[in-house]
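Structure below; questions to follow.
Labels run A, B, C and D following the written order; every chain starts at residue 1.
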Amino acid sequence: MKIGIIGLGRMGANITRRLMRDKHECVVFDKSTDAVKGLEKDGATGAADLASMVKALDAPRAIWVMLPSGKITEDTIEALAGAMSVGDIIIDGGNSFYKDDIRRAASLKEKGLHYVDVGTSGGIWGIDRGYCMMIGGETEIVDHLDPIFKTLAPGIGTIDKTPDRKGHDPRAEQGYIHAGPVGAGHFVKMVHNGIEYGLMQAYAEGFDILRNKASTDLPEAQRFDLNLADISEVWRRGSVISSWLLDLTASALAKDEKLAAYTGYVEDSGEGRWTIEAAIEEAVPAEVLTASLFARFRSRQEHTFGEKMLSAMRQGFGGHLEQGHTPVAKGD
Amino acid sequence: MKIGIIGLGRMGANITRRLMRDKHECVVFDKSTDAVKGLEKDGATGAADLASMVKALDAPRAIWVMLPSGKITEDTIEALAGAMSVGDIIIDGGNSFYKDDIRRAASLKEKGLHYVDVGTSGGIWGIDRGYCMMIGGETEIVDHLDPIFKTLAPGIGTIDKTPDRKGHDPRAEQGYIHAGPVGAGHFVKMVHNGIEYGLMQAYAEGFDILRNKASTDLPEAQRFDLNLADISEVWRRGSVISSWLLDLTASALAKDEKLAAYTGYVEDSGEGRWTIEAAIEEAVPAEVLTASLFARFRSRQEHTFGEKMLSAMRQGFGGHLEQGHTPVAKGD
Amino acid sequence: MKIGIIGLGRMGANITRRLMRDKHECVVFDKSTDAVKGLEKDGATGAADLASMVKALDAPRAIWVMLPSGKITEDTIEALAGAMSVGDIIIDGGNSFYKDDIRRAASLKEKGLHYVDVGTSGGIWGIDRGYCMMIGGETEIVDHLDPIFKTLAPGIGTIDKTPDRKGHDPRAEQGYIHAGPVGAGHFVKMVHNGIEYGLMQAYAEGFDILRNKASTDLPEAQRFDLNLADISEVWRRGSVISSWLLDLTASALAKDEKLAAYTGYVEDSGEGRWTIEAAIEEAVPAEVLTASLFARFRSRQEHTFGEKMLSAMRQGFGGHLEQGHTPVAKGD
Amino acid sequence: MKIGIIGLGRMGANITRRLMRDKHECVVFDKSTDAVKGLEKDGATGAADLASMVKALDAPRAIWVMLPSGKITEDTIEALAGAMSVGDIIIDGGNSFYKDDIRRAASLKEKGLHYVDVGTSGGIWGIDRGYCMMIGGETEIVDHLDPIFKTLAPGIGTIDKTPDRKGHDPRAEQGYIHAGPVGAGHFVKMVHNGIEYGLMQAYAEGFDILRNKASTDLPEAQRFDLNLADISEVWRRGSVISSWLLDLTASALAKDEKLAAYTGYVEDSGEGRWTIEAAIEEAVPAEVLTASLFARFRSRQEHTFGEKMLSAMRQGFGGHLEQGHTPVAKGD
């Protein structure tokens, strides 16, 4: 089918290419004309602005917005709302906060427009591996867009079927689901990312313990100088903790067991934070997901004010003068 | 090669069968004569006791002990030490504490015996899927036993090769590694299980947040009634958090999305606890692995004494009389 | 000075009494006429409704709202805004969310009204011990209300002066501060409560460890049957961890070392939750405060869905059938 | 009574002085002859070595060992055991691990010697404020030493009596308890320190949140530039979270609100670690105490290996190139 795509960064460009490979017609726009030209070479129709994109599509139009969450997505959707017509569809494929989805959909509904939120996982590998999609929206609209989702999804591929899975929605096995009404797609994707943080931190802590088993702080007889590249590789085969994240870890460690190229400064994004806020709203204890987020916060500071305060108290009651150390680079 | 196997529970019996499928000769013993008879039918040589097992093997003898960690493993190894001869090998394939390995090996060395510790992952699936093995011991002894490990390991199978993995030990790709000296095998397996706890808890918390998004404690407009079976299925394909544990989760949820057969009472084993102790010895922050262990501790109690104390303090300063509630079954 | 007080629950009634003891004139209102009559006996002027309260006060009027945070506070302030005149002051002495303060103040400002937020700590002891107050608002308005705050505050009392405290605001030593603009008072009070949760949980966990040192799960030679009442008492004198919360704990344990009257079901309130949300907004790792909140969430459930999921995975990979146990009451 | 004291560091010297103020006769030894001379000036009898100390005391001798826990305490007790006679008493007033106490007492018992473990809290303030003591040992030996404990303890002082405390051991109100058999004293002191870590971290996190409320990462309208010195001071009066640790915090912040003299590098000691190991042995969830310990571990590193691994994974799946930032000094 014919679809507009706004935002031709890594994700948007690859989604466009995957769609065109399967014969969908793509009209594309990006503030970077180079990005537009790049896609035109691959067969897309470039649009000079939002208005011309809308003109180039047939009613009911479908436009996929693939921009960073926040102001730019908000502004783009607002502009589209002004340019599109009753029955048209705006798809937010980025990482918007699900409460923003609900608010926007209500506002668009007043103008007769439909809104669909798609949580999209797959990263840079998605163009070939396919995108895992979690979709929120009205049933008939989601069904109408099915050809798009079908193309973008990974399909069953070589992954084993889940035993005892009968009478369930067959789309899940293809790699996409209609999660529920507007907001449900991004909500599920948000929790997906929250889990991702937790899984990553579990591996990180485990490898940290392996690495520091060679520490000279330990009695010599209890030290092991372990080969992390081999350990990550062996766990990929037959162990309980094999996963795609472990595959990536094994790949990074195979290149450099010390990971010297990385500073240890780790970013976080809205989804990890919103997951904890959702847990708090629901009164669900989520210790692991929260600790994973906090580890990233901590990674970005040389020290916290709180840590200075601990030292101040220790001096207060015990006269301890904390070592004047600057922090040590452990685990290098 | 010829090998003795002591302990014919689920793991020991399946290991024996996998070895025999590949033409190794197995002499087996278990305190249950039925278990011995079962394996005899499949081609093993049954032994009536440890002494006759030792007699039935050729020097240098190799005996694989596959028993629960703790007293029974300790006693069995001690008994074997009395019955075996200089140059013989005892393999502990169970889940012993690595410091016990180091102590035992030192004691066996005085008698000229060798000790090898093998951390074995694979559970009930290992007989067909193969066992992921982490091995500690002297290099020549581990090399001598290589035919055994090669048979038990999964092999490369259908799992993709890790990119950029060159110049590394090729055994890791086959699913087994010589991790280091005695103790290193169980140490690596211990951390493996620590990570396993963390991964499991990350999924558990995430699904808890999904489940409680239908809670009537939330404003109605913000509730979603999500289909957990479909969500776990879709994440298996193309998402960043796909893993074998997720495959198992999808299978359980496909059978019953409410998991009503489970009480929520969760056991833990030595390895999860020792991982935290190792982290503490190494001064490695391991918040996620620890929280995962503590969640299991908490799952086995109706309430803690600490929680009563919180209520007592609240009444003390605020006159709050905590609800007389018995705990509620949330998330059913 | 003359002041109106709305909300005559435990906190509002005691605040009124402490004000009247110091010769302030109080006009009071509560939806319960009994509550109003009770205060009238003590010397207050009862008001039949908000309008008559406003009439009974002299411009610039000051009205202290002491109601549960949320809708009732919101509605009351809105109603007052309709009845009061330019230059009048509304004081929210409850536990409102500080972002609500900022929003309300902006709205009231358009009508020429002033808004002051007062975080009030002291609980049921405040009438005699005084109230610790954290105040947000315009400087001249806060200064105008100083006689009220001075009366309500504890004063220096018998508490030692802080050494080296020179050139600081003398009000802090009296037990009240002007924390900053509107919202700052409730923000500081919010963090106060977040810390309170953390302190409480630290004691709770410590006493849990003491209590379970008698557990029959431990080797007999390592068990101690400790007297928690005596331990809490001794720590009150000369130890590093003496505190008012410990005083309350000692009092509760002196009455019943088993705390049998408490179920272990522990409520939480908005402030503990908002503190974590503030930490997330600021990217401050706040592991302890969060864990304290989550411990309360967990205390109110018999089990979590996540725990069932752990059992399902364990069965999936290991064939473990978790014990059918209902949770045990530990530490009774 | 007459008593020997070994180890004249800050704690040992002050204990000696407090004992002499109350007319006890002290025979003292330290490897530093200056330390011994310093106490001789104050009235103590110096001993040149352990043997002469033993000679200078009367049977049954009591010697208080006040040395850093670990090898030096172990060696000293062993040496004393060789020099002392049946019925004599060794008191370990340091911070030994309680399992070491149990082992030592069993060994000393074979020689007819008694062992008493005293957990001592009070730090540099103890000489005037008194020491809070938690004592483990045989009842008649602890009773025999009562004059020593009575002198060292704070006594009731100006601290209010706990309401409803009837029929309990009166020693607790004086600031010392006989906690149980050998080991119980240090066990209770260990948990005391575990709680101490938790309390300190709760304050540290709270003040971190207050401090970062001025962060330019927040929307300007939501920033507050809070005065931490005044906040810590006001919480000392009438608030629920007043404590001795808060008093010390207020004192440090009064001197320098930025705590610029402290690096944020925070040490931990054995007791914090052993508390977590005890929690694990007892299967008690102790999230807050553990997080407090881990925060200190983290404070001593520039970054962890685990954090680098997070970045490596992020690059693996998303192509994210983490900022090359060196960590920032937040909260200065």
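The rule is short, and it goes like this: a residue touches a chain if its C-beta (ideal position, glycine included) is under 8 Å from a C-beta of that chain, and two chains touch if they have at least 3 such contacts.
Bear in mind the structure is a predicted one, so any value in this text is a computation, not a measurement.
Residue numbering shows that chain B and chain C use the same positions for more than half of their mutual interface. With every chain reduced to the mean of its CA atoms, the largest distance from chain D is reached by A.
One simple way to say how far apart two chains are is to compare their mean CA positions; for chain B and chain C this gives 46 Å.
Note: centroid distance chain A to chain C, computed from Cα atoms, is 38 Å. Of all residues in chain C, those touching 2 or more other chains are 123, 201, 203, 205, 208, 212, 240, 244-245, 251, 283-287, 291, 294-295, 298, 300, 304, 306, 317, listed in ascending order. Of all the residues in chain A, the ones that touch chain C in their complex are 240, 268, 273, 276-277, 280, 283-287, 290-291, 293-295, 297-298, 300, 304, 306, 317.
In the complex of the two chains, the chain B residues touching chain A come out as 99, 102, 121-123, 126, 129-134, 153-160, 162-166, 168-169, 171-177, 179-181, 183-184, 187-188, 191-192, 194-199, 201-203, 205-206, 208-210, 212-213, 215, 217-218, 221-222, 224-227, 229-231, 233-247, 250-251, 254-255, 275, 278-279, 281-289, 291-292, 294-295. On chain B, the positions that touch chain C within their shared complex are 10, 123-125, 200-201, 203-205, 207-208, 211-212, 244-245, 248-249, 251-253, 259, 262-267, 287, 291, 295-296, 298-320, 322-332.
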